[in-house]
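Next come the structures, one after another.
Two complexes come next, and they have one chain in common, subunit A, joined by subunit B in the first and subunit C in the second.
Now for the complex of A and B:
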């Protein structure tokens, strides 16, 4: 140092070598900054793409629903409600007959004798069935007309669009040569509307005919049968009283009423049906899928929370170092199993096992046992729990680890046992961390695809809460599952395609919300620790 | 000697406020430690400790960092049990004649008799009220009137009642450092221990808060046997009746505080208290 010229020691300019105006430090800074920028960009692109593809859905769905109304399909559908009610009555009546025949067979009668006894009342049953016939015919006829109208109308729209495209492409000759049939929906519908008088007449006939028929109902000695029959009569009288309601709906239906964007939105958000490739009308209602996802996630969380949090508490507070070193890697290893393998296990082993176990005589007292299905919400839920446990375990253990040792010492110093300390001090202090762990586990479960696609049974139906616990053992379909299943086979840009994107968007929003709340809770947790 | 003057000054002040401070009569020994060796793994932390701690007196443990004074304190209520590698080599610790390391002794029962206040104030993230009644709740006491009485009594005992009586529902963490430490003392008192161990209770406090805690220690002396570990020799001189000096895991000297600070018997003690090392 002493050799150095004192002035040169105070040359305070940068000593870093630069290349193309970049020093090593700024190059590194650029690299890391670039990485962060790219990830934000990708996330932004995904969001944008989802919104872009999904946004067109509601407009398109609105058009589709408008055609549904203008063509008169909705009108026919309203009449069909009455028919469905009537069919339900018929089914109930048939169940009485089936029961009777079963009872007779069980009592040891010959097949021929059973038939003879059944034949006595046969006329009543056939007559009742015949009551429904005119309505069915009327509806079939009307449907034929409106469905044809709708189809040719859609064809016309397609051709018009094709023509526009040709014109845009400058191929005017071809465009001129296209012959586009004119379809007048209103005219076609008027053919149906004209026959409304027939519909009214059919109803009058029902109102007068059915009570008479009911008086001719057979009488049974057996108490169960007569009870059922009494119930049937009650239902039938109720139906007769409801006929004016059905009729009013049909008559007051207004073809000209426009379908708003809000209607399209409600029809998606609160729609109870997800029907695609239907000959009558496609419905894109998210409720069955949403409730299915929720049901599966609920089952999964029922298992994952106690196991995940319990294991975290044990490992963090109770286990000795050897146990810790065993349990932690094992649980964390579960997340390394590919979900398709877990799904495969679910189909091949777990689902079958569940059904076999449900068939045991010892479990016969459970009302919904034995199970008829192998793949149900329960099967998928159990396997999803397996996938959520590592997430919940790891994060909950972190939260417990963050509880200051001083709290534990203070509690122990006052003479509390280990268990009291855990329950009264450690867990409450870590609670918000544990809750956010659970939320993130829930996010993992609701976004999981492969397992639900393979194991949930994929029946698009709203789980019926009225079945009690049995609802968990019904096959369901999920939001993730439907996207994976259907996106591969839809026409690019079609209504169905866009509907799936909106389902994806819904999933995205759910995940976003969950993550947001989880972070909120974690922040609150940090502050509360002072 | 400045330390001594300080001590005397304090003594007179305390006598003025605290009329019934104990006379010179010898109190009986409540804690008896004999031939005590203690290890962390293979490393011996305490060597052959022998001492008597008298009832209803304040005993101060002083000595340089790492001399084993905190370790010994934590042996008195078996807090060292929480450390996996800790073990006793030889000797015993008796509280009121009972060998506390006897296998039949339940550490949780012992800790209800021997309370502890820590270096860093550590109120639970609960309300002030819940902090104080925690020790009672874990004993299964949940009667509101009993808990209310205990809160008032203990907070008064810890000289905190005046400051917090109108906000018992607020978080214990919202208090200032000195208040938090007194809350921790109140919390320890709620269990009604006989002995109170204090591990450098003022090391994280400013002088004003320290003075308050010291005053508190003085008033608690009438009902509790207090053992306090401190780095601060003035503090030892101010609050304690007897002082024990530790060095390298050994008890070098133990004597009445006045005696110890005026004319220590041991050279090392003298070097330490006069500030020549440590």
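Now for the complex of A and C:
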């Protein structure tokens, strides 16, 4: 590139006519430069805009969480934890009863007889249910108060903002006419706090009542039932021991403790719940979405790496020229299938096919088969693999192609077979290129929207790793999917809108990171071809 | 290698006279695995193509003259009425059903299926408009920027940083551009869901690809060509015009065709910026001012596929519509992609420095 402009005395161009002090040359340069400037500006603007909209989220979320704490909703939620534990116990107890009735019906008894037998220990089950009743009532009442307080507080804030806007717009008389109710969250909460004594009394009642009730538990002849009942008693006594812990949490809860920006940040990054449009409190925790994205990407990469790299090695090293000339364009062509078409194929054909296959008798030994869901992380993962394969294939094939021929010739001359040459010489030499190909394939998978939106099942839940392989066959939700699904219905500037922007920003940063590393790896481990 | 080194002259004999050595046998097995993996990928893709072309073909083509289902290609999506009249089964789109109702007196009880009648003409038009506008913006900005970056700018750290960031932006997920376009054009600029918001969103999405690919093809031209031209006294622009652009043109064209395929194929960026699920009027109908043209939402093929396959109840009538739309869409996008691949193959043969 010639950077130095020639000395103007000898510059033939300087004889050109100029217009507004610009020669044709410099005008053109200005045009190109201007365009380049605009392009770079625009691309920078995208980054800036995402950061700007996203950054506002944390402050807003902090305010939201502060209201959650100040109104006392958090306090009620703490009490609810105890209630949830109690309900779980109750559910377990009921499952015993269901099992018993199933056993009885299976043994060929009449419906009436079954009922009669069940009625014998009815009192125990009902009494246990009644035990939970006072606590439930207490929480319901407290919740009513704090939720109303929170809602009217938010309404007050809205009205205040409206008033400010009116004042700014110079419509002062209108602003004067606005009646803004004063909501004192502290006063409202004190109504609930006053009744803490009742809560403690309920707990004492539970502590004394439950062991007594457990002594009255029915006895079963059946080993399975008595085993389950023993387990229930164990759980119940554990619960009794835990009551002081629940109580301590509730009593020591401090309304005045402020929510810091860091709390809002951790609540987003490590938050295990993504709940929107909830009547109690909206939670924006990215963990379920992030883990869903990772899970789907993991499944996709499990297929895409062996097939993509394998195909690249085959086409580059083994296939004959005719095969090469056919397969290469064909795989590149696959990358042109629009993602929405692949997603549609998943819904219309592949998901159903998977479920049918999982119902085959030959596969009955797999514990989570047959599948109850058609659209799962696995469905989406398989289809995404097909989308990642062309990316991985093309780049890996390029990397293999760049290995100097001399390396191969030298290895063959030493008497090694083709396979030995490939495994020991060619793949290690091209490894940096292959790794970056895999990384870029991963980037493609994690940023893909339509396939996961259509095929992943969209259930917001953290995948349970404890389920083993079965976790792959659960519906999941992803970061890209949540944006596509919820962006259409959010209010501009609301907390939810900003939360989606932060998710988008996270995706943006992830993809930048992946690209950056892919390039770094190629440069760092480049072989010297001297 | 160790196997070969360890093998004595005995195995050498085996290698020469038929019976393969252990290394050779392993090689054959492994190569077959590679081969199967490759063909399995090809097969999977083929299954998708065949499924969509076979089932979609039933909607798009018909057995009698003119062999193409003109109603499907020229009408807008409508509700489908299915009913029996005088012992005959009828499936009529909404407009035809009304005409039919005029001809007879009695009231007819029908089953209706949303989106399952009519055709996809507005979607085709919308997709074409989106692609045209977005590519016009992206190519103007992109190619001119590439000329500047490759020919005028001074090499150095800044240029490298700019190149690196452009390259990085090329890998950003399309949904991120979608959310950006929604926040920036639709809400902040107040353009609402409109053609122009879609144009800019899509254009910015492909801009990094167009810039980096065009610049790449310009930088691949040997410096000697430029030097020779400058040495003869040509100005910089003349040099670029006569000695750079003609040789870079195939590369620029290929990159722009890849851009077209991407713009036409993406759904996520237009979901919130340009696409309507249903719109009665075609883009040139019912405009009050000429500029209203830019500020209207359009229907688009990819979004239509999403709507009919995920947002409405499924039955055999919608399934026909889905496959027909997918067929037309795949046909268009795959056609563009095929053109770019063929062009690249030809170009590789044409210019070798």
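Rule of thumb we're sticking to: the second predicted complex is superposed on the first by the 487 of 530 C-alpha atoms of A that agree within 3 Å, B and C clash if a C-alpha of one lies under 4 Å from a C-alpha of the other, contacts with A are read in each partner's own complex, and residues count from 1 in each chain.
The definition used in the following text is that a contact is a pair of C-beta atoms (placed from the backbone, for glycine too) under 8 Å apart; a residue touches a chain by one contact, two chains touch by 3 or more.
The structure presented is a predicted model; accordingly, all values stated were derived computationally and were not measured.
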Report task. Identify the partner contact of A:170: answer first if only subunit B is touched, second if only subunit C is, both if each is, neither if none is. Result -> neither
Query raised in the report: In the superposed arrangement, which partner chain does A:181 touch: subunit B (first), subunit C (second), both, or neither?
Result: neither
Report summary line: The chain contacting more residues of subunit A, comparing subunit B with subunit C, is C
Query raised in the report: Thinking of the overlay built on chain A, is A:40 touched by subunit B (first), by subunit C (second), by both, or by neither?
Result: second
Report task. Identify the partner contact of A:487: answer first if only subunit B is touched, second if only subunit C is, both if each is, neither if none is. Result -> second
Report task. Applying the touch criterion given at the start, work out whether A:108 contacts subunit B, subunit C, both or neither, answering first, second, both or neither. Result -> neither
Query raised in the report: Which of the two partners, first being subunit B and second being subunit C, lies in contact with A:406: first, second, both, or neither?
Result: first
Query - Touching partner for A:429 - first (subunit B), second (subunit C), both, neither - result: first
Query raised in the report: First (subunit B), second (subunit C), both or neither: which does A:417 touch?
Result: both
Report task. Classify the contacts of A:29 with the two partner chains as first (subunit B alone), second (subunit C alone), both, or neither. Result -> second
**Report entry** Contact residues of subunit A, present in both the subunit B and the subunit C interface
**Finding:** 411, 414-417, 420, 424
Query - Interfacial residue positions of subunit B with respect to subunit A in the complex - result: 77, 79, 82, 84, 108-112, 115-116, 118, 120, 122, 124-126, 134-135, 137-139, 171, 173, 184, 187-188, 191
Query - In the complex with subunit B, residue positions of subunit A that touch it - result: 320-321, 404, 406-417, 420, 424-425, 428-429, 528-530
Query raised in the report: Hey, which residues of subunit C end up touching subunit A in the complex?
Result: 1, 3-5, 23-24, 26-27, 30-31, 33-35, 37-38, 40-42, 44-45, 48, 51-52, 140-142, 144-145, 147-149, 151-155, 162, 164-180, 182-184, 187, 204, 207-208, 211, 223, 226-227, 230, 233, 235-237, 261, 264-268, 271-272, 302, 305-306, 309-310, 319, 322-323, 326, 329-330, 333-334, 336-338, 341-342, 345
Query raised in the report: Which residues of subunit A touch subunit C in the complex?
Result: 1-3, 12-13, 24-25, 28-29, 31-33, 35-36, 38-40, 42-43, 45-46, 49-50, 53, 306-308, 310-311, 313-315, 318-319, 327, 329-345, 347-349, 386, 389, 393, 411, 414-420, 424, 440, 443-444, 446-450, 453-454, 480, 483-484, 487-488, 492, 500-501, 504, 507-508, 511-512, 514-516, 519
